[in-house]
């Protein structure tokens, strides 16, 4: 056993207790379907397939607020993921249509946090919750920016205000 | 903004400070190469591609200790991921050969934790750290088992002992 | 060099000549966006990402005609892909919104053929053309069925008739 | 039904007859394992997962002959896939260790063809056969090169000679 102080650890939960609850708030809703290619041997969505869904929902949410991600990258600012934490509460069966709900959850220095809830179309099942953290990177220098570009910060602040 | 107490949150770090350190210990080492299909528009490994690498390293580590994952599933016990947390410290360029280091980091009730460090072949760069939590599921009943099957627990305990 | 008579070979074309043409006909149209996770180091959609799009378009086209793929599988009939051929005519840049057009292109014994054209939203660019062949498999026996289930054949015939 | 003369079509075969045969020759062998993330709801490898394996085998085969793909791209020459045809003969079960055999199958103008056979480790089962065609692209101009760079052509010719 090592001193694992640097390993990212989530607060403990008991998977047999404490069912998570749907949160209210100002969420952007992105519908997806559990197509065959997202599933694994168990007939449910493979845990890694969710990561693509989180990204798609985030990119579409930004697009709705006027930030075209491909253009942002073309302009020289990338927004790579530096942290990702996800809890899988219930499996998603092949063919299920689910809603990926996301909202920008605050800016902390250059860190931009996004929260997620993946739920059933009828809102009765919460399949997963997640948080993803992005930082701005200057593509030319290959370094994390010391502050967010003003246009990005403005748009994200509007996102936070709903 | 919502009460996001149910959203999984990692302890805060400052990406501009505090470089993470390589941990010592008894790690299983799984080599992978950053092939084109793992990369994204930035010419580096897409953040979701790491999830497949974590799974491959875990399955191969189990195989080395005598647990054949496909057989375990055929016998009726699945080990799905219920939590995953990952920090991306440095990007991985296409073509880079990296080492995915993993170790079973303890059993907590039915929760089996795995720690990860993804580093360069020469040990000089730490690309990512991660923790993944699995629970045993009875495939027939579709429910989390109240305790780990004895054979699995024995093998995992041996893993923890090195 | 080997006798490669068993290797699937497409008729020869000259990539510097003979631009392919958009076909008319009764196509089902499925819109997708070239999100970051579909791209590779070249900033364009990775050639393997198209395979998921072909599957999604096919499953949604079937759903529109009353065949729920997940239910079909649950009933014991799988429809695996046994052949796939694709030509990539033009790269798709990140962020592009494209239309995956598909149509059932005929039943030949137990073989069900699907044709594809992937084009720009404005119809001016043809990015790829493809053909995918499925056969029905009895999931319990693990064998190719000698004939298509009547309900599937009926629905597919309606598809072919438009 | 349309005039589908532009849709890529493979010569017809009867999936219930004519078992394909293992070809002899000078193949590069690349071992892979059917890990959980490659599988789908049917417990076998999803048909799209093979595309990543074909790419990995090709890149490693080139590396063995002195062509580092990442360096080639950095120098300004990309080798995108322009055609891909694959036949799936037998399903691959989760956990199976398979051999992806590949060889450069000839240069036709600027088109570089690669043949594939995916077989069991013991050589008794042929899971799939495939052909992939690449063309050289000048990354700066974004256009297909009129001829292969000399260094690439030399290395590929050596590949063909074994």
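Residue numbering begins at 1 within each chain, and the chains themselves are lettered A, B, C and D in the order written.
The criterion applied here is as follows: contacts are C-beta pairs under 8 Å (C-beta built on N, C-alpha and C of every residue); 3 or more make two chains touch, one makes a residue touch a chain.
All of these numbers come straight from a predicted model, not from anything done at the bench.
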Most remote chain w.r.t. Subunit A, using mean C-alpha positions, is D
If you tally C-beta contacts across C-D and across A-D, the winner is C-D
In whole angstrom, the CA-centroid distance of subunit C from subunit D equals 19
In whole angstrom, the CA-centroid distance of subunit B from subunit D equals 30
Between the Cα centroids of subunit A and subunit D the separation in whole angstrom comes to 34
Going by residue number, subunit D touches two or more other chains at 36-37, 41, 48, 51-52, 55, 73, 94
Given the complex, residues on subunit C that touch subunit B span 36-37, 39-41, 43, 46, 48, 94
Per the touch rule above, subunit B residues touching subunit A in the complex are 1-4, 6-12, 14-16, 20-21, 23-26, 41-42, 47-48, 51-52, 55, 73, 78, 80-88, 91, 103, 105-106, 108-111, 115-117, 129-131, 133, 135, 139, 144, 146, 160
Seen from subunit B, its contact residues with subunit D in the complex are 33, 35-37, 51-52, 55-56, 59-60, 68-71, 73, 93-95
